[in-house]
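Two complexes are shown next, each including chain A; its partner changes from chain B in the first to chain C in the second.
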Partner chain A sequence: MELVLFNLANGLIVGAFYVLMALGLSLIINLSNVVNFAHGNFLAIGGYLAFTLTPYIGFWGALLVSPLLTAVFGYFIEQVLIRHVYARNHIYSLLLTFGLGFILQDVCRFIWGPSPLPLGIPDILSLPITEELFFITWYRVFMVAVVIVAVSGLFAFLRFTRVGMRIRAGTLDLDTVSALGVNVAALRSYNFAVGSFLAGLAGVLAAGQIGLNPNMGDDLIMPSFIAIIVGGVGSLTGTLLGGLLIGVAAALTTVFYPAGAEAVIYVIMAIVLLIRPRGLLGEEGMLT
Partner chain B sequence: MSQLIGTGHTRRRGLLQATAAIGGLQLASPFIIKARGETPVKIGFIDPITGSLSALAVTEVESAKWTVEQMNKNGGILGRPVELLIEDSANDTGTGVQKAHKLIERDNVDMILGDVNSGIAYAIMGVTAEKRVFHIVPGGHTDPITGKDCKWNTFRTCNTTAMDAAAMTKTLVSKFGKKWFFVTPDYAYGQTLQANFVRNLEALGGTWQGDMLPIANSDFSATLIKAKGYKPDVLLNLMGGSAQINCMKQFIQFGLNKQMALGGALYEIESVRSVPKEAQSGWFAMEWYWNQPSVPAVKKFVDAISPVLGGKMPTARHWMAYVSLHAARLAAEKAKSLDAVKMAHALEDLELPPEVSLMPGKVRYRAGDHQLMSDIYVGEMHPPGPGGADDLFTIGQTVTGEDAAGPAEATGCKIAWPA
Partner chain C sequence: MNENFLSRHRQLLIVWALLLTVPFWLPMLGGYTALAGRVVVFALAAMSFNLLLGFTGIMSFGHAAYFGLGAYGCGLFMKFVTASTLLGVLAGTLVGGIAGTLFGLLLVRRRGVYFAMVTIAFGQVCFYIAYKWDEFTGGYDGLRGFARAPIDFGIFKLDIAASNNAFYYFVVAIFGLAVGLQALILKSPFGRTMLAIRENERRARFLGIPIEKHIWLAFSISCFFTALAGSLYALLNNFADPLGLNYIMSGNIVMITVMGGMRTFWGPLVGAVLFVALQDYVSSMTTNWMFFVGLTFVAVVLFFPRGLMGMLQKRAGT
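== the complex of A and B ==
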C-alpha cells in the first residue's frame, strides 16, 4: 500500500509536467487549428538555451530568460512559416511542423552535439525533502510549484487580459472576433508565442530533471497529445486533468506491470475515445 | 472563415488523424558519404542516429567515416575506393528493415553494417540473409544474432549479452552479494541480458527482483521506490543511452548510492561523460578501452583518431565500427572477392592483426557462431582521473572472449550455408 501511495504522489508530479507541455500545445491547437508536431522541439530549444545561458546568468536567470527567448523564437517561426498554412488543410500544418521538428532537432544536434548534456541545478534542489520521502527531491517540488504558478498565470492571462480574452473568444468563434475588428493574425502570433513560452519553460524544467539530448522532445510530445485528447480538445481544464491522469496511471502501472507504463496511456486514450470521443471535459470550441 | 478554423469536432479528428499518420512518416532522407572513384565498394551503414541510442550510434558513424577515409588513403578494398552510405534507422525496427531493403535493392551495396539497437540488428539479419548480402553487426548485443538464429552471412563484433553477464556475475557477487535488483530495458537486448544474469545468479544461489521498462524511459522514480523497498546488495542498471543516464541521475538524487552498490553489464563512456560525478561509479564491463599501455597498437590508434574527435578519447563504439570495417576489408582481401559466401567463409576463424583488433589477446570471429572472441575488461567506473577527462575506468580484470562465451555449440547456433 505504501508503494502505491508513493507512486500516486510521484505520478502527480510527473503528470504536472505533462500538463505544462500539453497546455502550450493545446493553446495552439485551440486557436490556430495547427497540430504542432514541433512543440517538443521548442521544448528542447528552451532546455538548450538554458544550458548555454546558465554559466552566465545562473540557473534562476536561465529559468526566466530561456522561456522568453523560446517565445520570441516561436513568434518568429509563426511569422515566417506557420501562418502560411492556416488557410490550408490539416495535412499541410502537420507536414510543416513535422519537418520543422526534424530541422530543429538537427539544429540542436549541430550546435550542441548528439551526446546527452547535463543542466546544472542548484545543489539544494537535488536533495530529497526527507529520508522517508526520498523520491521527492526539492527539484520535483519546485517543478510542481512552477507548474502551478504557470498554469494559474495562464488562466489569469486568458481571463483578465485583453489579449487573453480575445484568444478565448477566438477559440469559440474567430469569424465574429475578426468581424469586431480584432487583428486575428496578430492574435494567432501572440498565442503561438505563449504556447512556445510554455514549451520553453517545460524544456528548462525537463533539462534539470533528465538532462538534454536532441531527441528529448520526441519522448515528451506523445504524452502531451494524449493529455489533450483524454482531457478533451478545446478545454484547457481538460488538458490539466488529462495530464495528471496519465501521469498517475503510468506511475501506478509501474508498480504492477512496469513494461506497460508507456502503453497504459495509449490504452486510456483508446478507452476515452470509445466511451466519450470528445474527451473528459471537451466541449466544442470551448476554452475554459 | 469558420471552415478555416474548424469546429471542435474537426480539430479532434484532425489531431487524431495527425497522431496516427505521423507514424508513417518516420523515414528521413539518407545521409550519404561518397568517396571518389570509378567502381567503389559500397558499404551500407545503418544505425539509430536519432532516438534514445543516438549518442552511441553517432560515435559509431563518426568512427566509420574516419576509418573509411583512412582505408581509402591506403588503397581501399581490393584496390577500389570505399563508399559509405549511412542510413538512420531512427531506433525503429520497421524503419531499419526498410533502410536495409533500400540499401540493397536501390543502392546495390556490397555489404551491410548495423545496428546499435539489438532488435533492429536482428531484424536486418533477416533481410541480408534473404538477399545474400555480407553483414556485420558492430554493436547490437542480443544473443540470438550469433546464437540460435545465427546466419551464414552475419558476423558480430560486440559481445553477446551472455558474454557480458558471464564476465560480470562473479565479480558482482564476490564484491557485493547475491541479492540483486534489475532495471532493464524491455527489448531484445535487455531481455536476453537480464535472463543471462539471472541464470548465473541463481546458479550461485542468489535472489533477485527487477523491472523491465520501455527502452526510452525517462522517469525511474517508481522503479527506484521498489528497489529501495527490496533492499538489494546491488542495483544492476542495464538500461542504455539516455535512459541509463537518467536512471543513474535519479539513483544518485534519491540517495540510493548510500544504500546499495551499483553495477551492470555496460556503462559506456558516452553515457558516463554525461552524468554527475557521484554517478560515475559502479562495476561494469568495458568492451574496449582506450588506455591499454600493454598494447602498442592501441596508442597508435588513439593518437590517430583523437584529433578528429576534438581531443577526446575513442570509445568502445569507435572500436566496434573500426574493427567491423577492417574485418570486412580483410575478408574481401582473403577471398579476393566481394561475393558474400566467399567473404563469410574467409572471415571465419581469421585472426585479426593487432592493429585491427587493438587488444592483447588473439581475436577472431569464430567459425561456430560468427561471434568475435574479444577480450572483456571488468572494472570500476570513477570520476575523471589523472589521465584526463576520459580517464573514467580502471580495469580490474581481463576476461578472454572464449572464457566468457563458452563453446560455440552451447549457443544453439547451427550455421546453414546456401546451396
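== the complex of A and C ==
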C-alpha cells in the first residue's frame, strides 16, 4: 500500500511537470501552429539560469527571476527566428525548432559544461514531511504547490486579462481577431513568452529535484507531446488532464511492472487515438 | 529524336552516370566507398519520405521508426532465422512496412502539426522498445551478431561481404529498382491523386476522392520503401543502432529532403550528399557538431527553404 501511495505521489509530481511543459507547448501550438521542439531546451536554460543566479539572489529569488528571463529569451527567439515561418508549411517550423534545440543544447554544454550540476535548495525543503512519509520531502510538496499556483495563474491570466482573452480568441479564430484590429504578430510573441516562462519555471523546479544537465529537457518533451495528444489539441484543460493522467499512469505502472512505465503512456495515447481521435477534451474539427 | 531523349532525361543521365562511377572518382576526392553507400541509403529513405512530404503534402516526423524497424527486422532475421542477405532485406522491409501500415490507420484523420506529433510519438515507441528490450535487441549497445553474406545468383556470385565496391553496387541496384518504382507510382493515376491531395485537399474531396484511404496508402508505401532503406543501412554497418530509431534520425530524414528540395524527385538524393558530407566533415572537425548541424538546419529553413534542387530549377525557369 505504501508503495502504491509513494508512486501515486510520485506520479502526481511527474505529472505536474508534464503539465507545465505541455501547457507551454500547447499555448504555442494553439495560437501559432508551431510545435516547439526546443521547449525542452528552454526548460534546461531556465534551470541553468537559476543555477547561475542562486549565489546572488538565493533559491527563492532565482525561482522568480529565472522563468522571467527564460520568457524574455523566448520572446527574443520568437522575434528573431520563429515568426519568419508562421506563414510557411509546418515542416519548416518543426525543422527550425529542431535545429534550435540542437544549438541551445550545445550552448548550455559550452557555457555550463557537459557534466551534471546540482541546484542548491533551501534546507527546509529537503526535509521529509513526517517520519512515516519519509519518502515525500517538502520539496516535492512545494513543487506541486508551485505548479498549482502557476497553472491557476495561467488560467486566470487567460480568462481575466485583455491579452489572455485575445490569446483565447485567437486560438479559435485568428483571422477574426486580426480583423478586429488586434496586433496578431505581437500577440503571438507574448504568447510565446508565456509558454517559455512555463518551461523556465519547470526547469528551475526540475533542477532542484534531479539536478542539471544539458539534455535534461529531452526526457520531458515526448511525454508533453503525448499529454497534448491525449488531452486534445486546442484544449488547455485537456492538456492539464492529459499530463496528470499519463504521469500517474506511468508511476502506478512502476509498482506492478517497472519495465512498462514508459510504454504505458504510449499505450494510453494509442487507445485514445483509437476510440476518441480528437483527444479527451479536444473539440471536433480543431486543428485536425 | 536522340537529342530530344538526351535533353529530356538529362537529370536522370547525370544522376546515374555519377552514381555508377562512384568507386572511380570518390577516392580521388578523399572519400571512401562506404560513405557513398551511406549517401545512397539515406537518399532512398529521404526519397521514400518525400513521397509523403513533397508529393502528398503530408508531414511525418517519425520516419526513423520505419527506417529503424527495417534495420532491426533485417538484423534480427539474419541473426536468428537465416543468414541470407536478400531474405533479411525482405524481412526488414516487411517489418517496417507493416508497422507503418498499422500506425497509418491511426494517423489518417490527423492533419498538420497534429499528424506530425502523433508520428513523432509512434517513432519514440519503437525507439523505447529497441532501447529497453535488452536481451533481444541489444538495447543501448545496438544489435550485432549478423553480417551480410555473399549472394549466389547461380551464374555468378556477388561477394558483398568482402568487397565494399560489390556491396555498393548491390545497394545502388536496389536503390535503382526502388526509385524506379517510385517514379512509376508518381506517374500513375494514384500518384496524380497524391498531388491533387497536396494541392487542394478539399477540392480533391469534393471530386469524390477518398482522401483518408489515399493518405493511408501513400503512408504505407512510403514506410515500405523507408524500411527497405533501413535494411540496407543495417547491412552497410553490419549493425542496427537504436539511435537509428530516435526522433533525431527522423529530423535528419526531413532535413535531407528539405535541404535537397522537397518538391523535386531527385532533391533528397542531392540532400543526402550534402548531409553526409556535412556530417562527416563537422564531426571530424569539432566535438560541438550539434551546434553546427543545428545552425545548418536554421539557415536552410530561413534562407534556402526550397533546397538546392528547388533553387536550381527556379533559376532554370522550369
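Just so we're on the same page, the second predicted complex is superposed on the first by the 281 of 288 C-alpha atoms of A that agree within 3 Å, B and C clash if a C-alpha of one lies under 4 Å from a C-alpha of the other, contacts with A are read in each partner's own complex, and residues count from 1 in each chain.
In this section, a contact is a pair of C-beta atoms (placed from the backbone, for glycine too) under 8 Å apart; a residue touches a chain by one contact, two chains touch by 3 or more.
Predicted model, so just to flag it, every value in this text is computed and none were measured.
Visitor: Fit or clash for chain B plus chain C once both are placed on chain A?
Guide: clash
Visitor: On the A-aligned overlay, A:T254 touches which partner chain: chain B = first, chain C = second, or both, or neither?
Guide: In the superposed model, A:T254 contacts chain B only, not chain C.
Visitor: Applying the touch criterion given at the start, work out whether A:N33 contacts chain B, chain C, both or neither, answering first, second, both or neither.
Guide: So A:N33 meets both chain B and chain C here.
Visitor: For A:A270, is the partner it touches chain B (first), chain C (second), both, or none of the two (neither)?
Guide: The answer is second: A:A270 touches chain C but not chain B.
Visitor: In the overlaid three-chain picture, which partner chain does A:W60 touch, first (chain B) or second (chain C), both, or neither?
Guide: Neither partner.
Visitor: Between chain B (first) and chain C (second), which does A:I210 come into contact with in this model arrangement: first, second, both, or neither?
Guide: first
Visitor: Thinking of the overlay built on chain A, is A:D219 touched by chain B (first), by chain C (second), by both, or by neither?
Guide: Once the two structures are laid over each other on A, A:D219 reaches chain B alone.
Visitor: Which partner chains sit in contact with A:V233 here, chain B, chain C, both or neither? Use first/second/both/neither.
Guide: Both: A:V233 reaches chain B and chain C.
Visitor: Check the contacts made with chain A and report whether chain B or chain C touches more of its residues.
Guide: Touching more residues of chain A than the other partner does is B.
Visitor: State whether A:F102 touches chain B only (first), chain C only (second), both chains, or neither.
Guide: After superposition on chain A, A:F102 lies in contact with both partners, chain B and chain C.
Visitor: Once the structures are superposed on A, label A:Y86 by its partner contacts, choosing first (chain B), second (chain C), both or neither.
Guide: first
Visitor: Where does chain C run into chain B after the fit on chain A, at 60-68, 78-86 or 258-266?
Guide: In the superposition, chain B collides with chain C along 60-68.
Visitor: Would you tell me the residues on chain A in contact with chain B in one complex that are also in contact with chain C in the other?
Guide: Correct list for chain A: 29, 33, 35, 90-91, 94-95, 98, 102, 105, 109, 222, 225, 228-229, 233, 259, 262, 273, 277.
Visitor: Could you list, by residue number, the parts of chain A that touch chain B in their complex?
Guide: 3, 6-7, 10-11, 14, 29-30, 33, 35, 37, 86-87, 90-91, 94-95, 98, 102, 105, 109, 114-118, 126-128, 131, 134-135, 137, 139, 173-175, 178, 210-211, 213-216, 218-220, 222, 225, 228-229, 233-234, 251, 254-255, 258-259, 261-262, 273, 277-279, 282-286
Visitor: In the complex of these two chains, what residues of chain A are touching chain C?
Guide: Of all residues in chain A, those touching chain C are 29, 33-35, 81, 84-85, 88-92, 94-96, 98-107, 109-110, 222, 225-226, 228-229, 233, 259, 262-263, 266, 269-270, 273-274, 277, 287-288.
Visitor: Under the touch definition given earlier, write down the residues of chain C that touch chain A in their complex.
Guide: 53, 59, 61, 106, 109-114, 116-118, 120-122, 124-125, 128-129, 132, 247, 251, 254-255, 258, 262, 288, 290-291, 293-298, 300-302, 305
Visitor: Spell out the part of chain B that touches chain A in their complex, as residue ranges.
Guide: It comes out as residues 1-2, 4-9, 11-12, 14-19, 21-22, 25, 28, 49-52, 54-55, 58, 186, 211-214, 216-219, 221-226, 228-229, 241-242, 245-246, 249, 253-256, 270-271, 273-276.
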